[in-house]
Amino acid sequence: MTPPILEARGLQAGYGEGLVLRGVDIAVRPGEAIGLMGRNGMGKTTLIRTLLGQLPARAGQVLADGRDITREATFRRAQRGIAVVPEGRGVFASLSVMENLLLAARPDADGRTPWPLERVLTTFPRLAQRARNRGDQLSGGEQQMLAIGRALMTNPRLLILDEATEGLAPLLRDEIWRTIRTIREAGLACIVVDKTVGAVLSVVDRAEILVKGSLVWSGRPDALRADPELMHRHLGV
Amino acid sequence: MLVAGRTGTLLLLLGAAVVASMPWWASSYHLQLASTALVSAMFALSLQLLVGGAGMVSLGHAAFFGVGAYAVYLLPPGLSIGLTLPAAALLAGVAALPVGALSLRTRGFFFLMVTLAFGQMLFFLFHDTPLGGGKDGVFVTRPAFEIFGLLWEVPRRQRAQVLLWVNLGLLIAMYAALAALMRTLFGHALLGIRANEDRMQALGYDTRRIKLVAFVIAGALAGISGHMWAMTEAFVNPEFLSWHRSAEALLMVLLGGIGALHGPILGAFAYVGLGEAATLITERQRLVEGLVFLAVVLLLPKGLAGLLPRGKEGGR
Amino acid sequence: MPAGSMPLSRRSFGALAAAAAAGGLARPAVAQGAPLRIGLMLPFSGTFAALGENIAAAVELYIAEKGGRIGGRTPQLIRLDDESNPANAVQNVNRLVGRDRAEVMIGTVHSGVVMALVQASRERGVPLIIPNAGNVAATRELCSPTVFRSSFSNWQPAYGMGLALAKSGVKRACWVTWDYAAGAESGQGFADGLKAGGGELVRELKLPFPETNFQPLLAQIPGLNVDAVGSFFAGGGAVQFVREYAAAGLKDRIPLTGSGFLTEGVLGPQGAAAEGVRTALHYGDGLDNPKNTAFRAAFKQRTNRDADVYAVQGYDAAQMLAAGLEATRGDPTAEAAFARGIRSARIDSPRGAFTLSPSHNPVQNIYLREARGGENRVIGVAAEALADPGTGCRMT
Amino acid sequence: MDLSGLFAQVLNGLQYGLLLFLISSGLTLIFGVMGVINLAHGSMFMIGAYLAYVIASLTGALWLALPLAVLGGLAMGAALEAGLFRRFYKREHLDQVLLTFALILLFEEARSAMLGNDFHAVPVPAILDFSVPVTAEFAYSAYRLAVLVVCLFVALLMFLGIERTRIGSAVRAAAEKPEMVDLLGLDARRIHLLVFAVGTALAMLAGALAAPLQSVYPNMGESFLIICFVVVVVGGVGSIAGAFWAALLIGLVDTLGKAYLPEIAGLVVYLLMAGVLLWRPSGLFAPGR
């Protein structure tokens, strides 16, 4: 069996003197989609930041394709095919849509480009229309599409989506979820963090629930759906 | 910010006693040098309230030092120090109020640039207008001491030692006052702002106002040190307000250590001593200073205070 | 300066001086033939380093000419580099008088730094001879029995220039300078000189010291409708100003003139732009008198440099010191006699002999010079035996 | 006020402003991208000017100084970034201030040891040593006009490089959201090296260009440094366009202030800055904020 694209073993991390992650084990295999669930402040974003190397690990390991990358710089991890749509989208306001996309363009580790510009623009026709507009001239939904499209331009193997639908109108949310499904069908591995539990469960293969910095539950989406008490206790649904 | 622990306080007191005893064993030149260091220490200490207290790095602090010094020139001569010293503090504080109110609209890098620019503006005010007697500087009459209603002009031969003791007393008073201030709610709030301003705002603190109060207090204290400098040297000039002097004070603060209230005192003595030593060794004083500062920034991020026995955090 | 800001009351100064004379200060061991400690506080680094070196060299030259003894004592020169930095001036003077125990002081070039020397001289009664700095205050409201000047007051050369211009028929002139005391004091001299000759100063154009962005000032000159431009700049600022004045096409239409420092020591870099520029100063090239010829030869031989006005001022400072010491048989603390000695002396200067005015500033000829082929040739006398008015000087 | 005089003053203001732009653009990018305060940026200007002085007095060919200033600036900037500044990006502003203040002292001392402390005039190249009449009564030195043209050309190059190339968009992106640039897999260290090297080269080029206009003298970098900080604050940190327009604005305001409000000339620029801060605390062109 091929090793996971990204894996954490006994990962601990935090800010200042406080510890937020208290030993997390998680693994994403090629083509697999994981929903990272949990209430606010349970450590979802901290876990993502630590996996990406933006926050140093206090203990434990991060591995990519079986190699220890715990101390590797963020940009090198990204070059391994891990892309992220961060919370708040991270669109460059002073760059045009096209510049945002082209800045990220890079073939994958094998030199292939499954996501050339044309494909991204077909996936998000809205972006083609607004190609010359600056990032700060886009609506929230357009920015979100740009952030996802930009992540795809790096031809990743794993896409991490942190709160991809936050603050969007219901119609736009649906559109984002449709796109995520398209991306899933293309065979990309994903980690999805979102507050709309139902939608997350509809696109992922597996759900992981994070409580106070530890994973307390892991399983298939339908198993979670079947346990309202669990959903209520940990997700407030 | 650390306030020196018991051992540290004892060491500081010992140092004060050594300085106080200087008139019995040191030359008048060295008394003057010690006075210079004491006044520099006061100035650096006032800056520490901003830098170590609330994390505000100002490059315009010398402006208030200068205003305090020029207060001696602007006030009628022959007054008692009991009048001129508070007046200098008041004038410097009044100058700090609008500068602080405007500068504190910004943070970080901007704050630094803006304080620098306002400092230069005040510098030009004294440098280019007749207000301060011109760019060459002017002599001032030293304020007199008043004892039971009698003005006492210190005879020339005792002046160096009297000024040394006055400066030492003021430095100790300033240190004690700041140490007490850092233990109040206000001090805790300042340290909270230094740690995380947004959190303090979320907790309902009016952080800009707290910082403004600190800015004005620091300005007034800088004014006191400027007054004492003018009184020690009987000469004021616009260079007192220049940003080089602000940078020097920052160097003293960093040299001593931003984490400790007593840091600037150590830093000021080290700085003055270093300058004196450099003049004895080489003509290239700036070379020595530059290298020492480079070394401090690279190798001694906690400053000299990091070498003293640790005390407890004043803020917790 | 407000009257209330006078540094010391006359009375307390008098008391101090009396105390000093009575032996309150560490008195030099005159009788034992101990060396005379002369503090030379001059810029040996920084913009004015070359000036400081020439002054010091000329002082040494004079001492050497006297066989290494003046006033019956062997001088020991204590050099202290003031870097022309006013911020450190008081501390530097403390070093010189406090640590190194200088008995007399010669210094300095920078007019901000000299204030600290004047103050120390007034407070401690240590005699001071100023070999360059021309701020008028030192021999006006801050004059003192212990402070002497071997150079000039800023007012003097510019007065000469203004007078010479007015006499040559100039009715309207403007003044361009840095916005600082020396510029303003010279400007006053220029205005007074013009007025004395029947002319008028119509405008002062100033820019902050030491900026060299002259264009905004130059562009205003054509609109002023003046017959001549007077200016005070020194060093690199003077180089830049003279060249830009020519480059702006003004030189051929409106003659550029100035206080002598405009072209002093900087004719090389000014090049053709300075050709024909007239200035006034108490010294110049081609000044034909035996003393000057001898002095220039001796200075050249000793230092391998050409003497300049700064060397002359340093040399005369040493002459004045000798005059004072001779009158007191080598005791600079005998204040009244020391001052009387200098005041009554006729200083045999390379610039032409001079005496001191009651406020201790030279009463001297101001020469009119014209820049020709890299020299400031003397072409006449702009003002004869000119004394600084010494306004506000009251010696006790 | 006569119109031809005003025209000459505006020309002066533009020329001064463009020179300020060359220095400020590096300063604003270095802070915008790396978050580091570089007080020693003025020393780079000073070094460029002294380089021009040395080249001109050794070879008599001032133009040689321009490519040398650019190459030397690139090398110097890269060496400083890789050897020193890289360690200070995450340090406190105070440490950065003191590091770069120490560098000012060292650069000035090195200059003093190697070249002395004299004021030196740098001759204008013979081919440009003539004047062009711009108004009936006022002529403008050809060299000054040439500097104006060169600065405009460099500004245009900067604009094209920053606005029209992928590297340029990476720099703008890094100035705006450095962590996002990292997340896209771009090596920020290379961007930092590039920005620092180019910024330093521009400051040295400005120094070399300005040498015949300003003369060379000790501490000459400092007055430019402070006025350039004002430019950066007014323009908005990290914005090349902001630096450009603010530099022109400051150049004009300073020049016209000196010409028409001489009493408060030293203060005008600072008053302008205070006004901008009241109106827009993060500058006129703050990118993406």
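All chains are identified by letter, namely A, B, C and D, in their written order; residue positions are counted from 1 within each chain.
As a working rule, a contact is a pair of C-beta atoms (placed from the backbone, for glycine too) under 8 Å apart; a residue touches a chain by one contact, two chains touch by 3 or more.
Per UniProt, the chains are A = ABC transporter ATP-binding protein; B, D = Branched-chain amino acid ABC transporter permease.
The structure presented is a predicted model; accordingly, all values stated were derived computationally and were not measured.
S.K.: What's the chain with its C-alpha centre farthest out from chain C?
M.R.: Relative to chain C, the chain whose C-alpha centre sits farthest away is A.
S.K.: Counting in whole Å, what is the centre-to-centre distance of chain A and chain D, each centre being its mean C-alpha position?
M.R.: Computed value for the inter-centroid distance: 42 Å.
S.K.: Which whole number of Å gives the spacing of the CA centres of chain C and chain D?
M.R.: One centre to the other, that is 38 Å.
S.K.: Could you tell me the distance, in whole angstrom, between the mean C-alpha positions of chain B and chain D?
M.R.: Chain centres of chain B and chain D, defined by C-alpha means, are spaced 33 Å apart.
S.K.: Taking the mean of the C-alpha atoms as each chain's centre, how many Å separate chain A from chain C?
M.R.: Result: the chain centres lie 77 Å from each other.
S.K.: Check each residue of chain D and list the ones that touch at least two other chains.
M.R.: Residues 112, 266 of chain D each touch two or more of the other chains.
S.K.: Please list all residues of chain A that touch 2 or more other chains.
M.R.: Not one residue of chain A touches more than one other chain, so the list is empty.
S.K.: Please output the residue numbers of chain B that touch at least 2 other chains, ranges allowed.
M.R.: 124, 128
S.K.: Hey, which chains are touching each other here?
M.R.: Result for touching pairs of chains: A-D, B-C, B-D, C-D.
S.K.: In their shared complex, at which residues does chain D touch chain B?
M.R.: For chain D paired with chain B, touching residues are 31, 35, 37, 87, 91-95, 97-99, 101-106, 108-109, 112-113, 226, 229-230, 232-233, 237, 266-267, 270-271, 273-274, 277-278, 281-282.
S.K.: Please name which positions on chain D make contact with chain C in the complex.
M.R.: 2, 5, 8-9, 12, 15-16, 112, 116-121, 123-124, 131, 133, 135, 137-141, 144, 213-218, 223, 255-256, 258-259, 262, 265-266
S.K.: Given the complex with chain C, which residues does chain B contribute to the contact?
M.R.: 27-29, 32-33, 36, 73, 76-77, 124, 128, 133-141, 153, 156-157, 233-235, 237, 239-240, 242, 244-245, 279, 283
S.K.: So in the complex, which bits of chain C are touching chain D?
M.R.: Listed in rising order, the residues are 45-47, 49-50, 179, 205-208, 210-213, 215-220, 222-223, 235-237, 239-240, 243-244, 247-250, 253, 266, 269-271.
S.K.: Once bound in the complex, which stretches of chain B touch chain D?
M.R.: Interface residues on chain B, with respect to chain D: 51, 55, 57, 59, 102, 105-106, 108-110, 112-114, 116-118, 120-121, 124-125, 127-128, 243, 247, 250-251, 253-254, 258, 284, 286-287, 289-291, 293-294, 296-298, 301.
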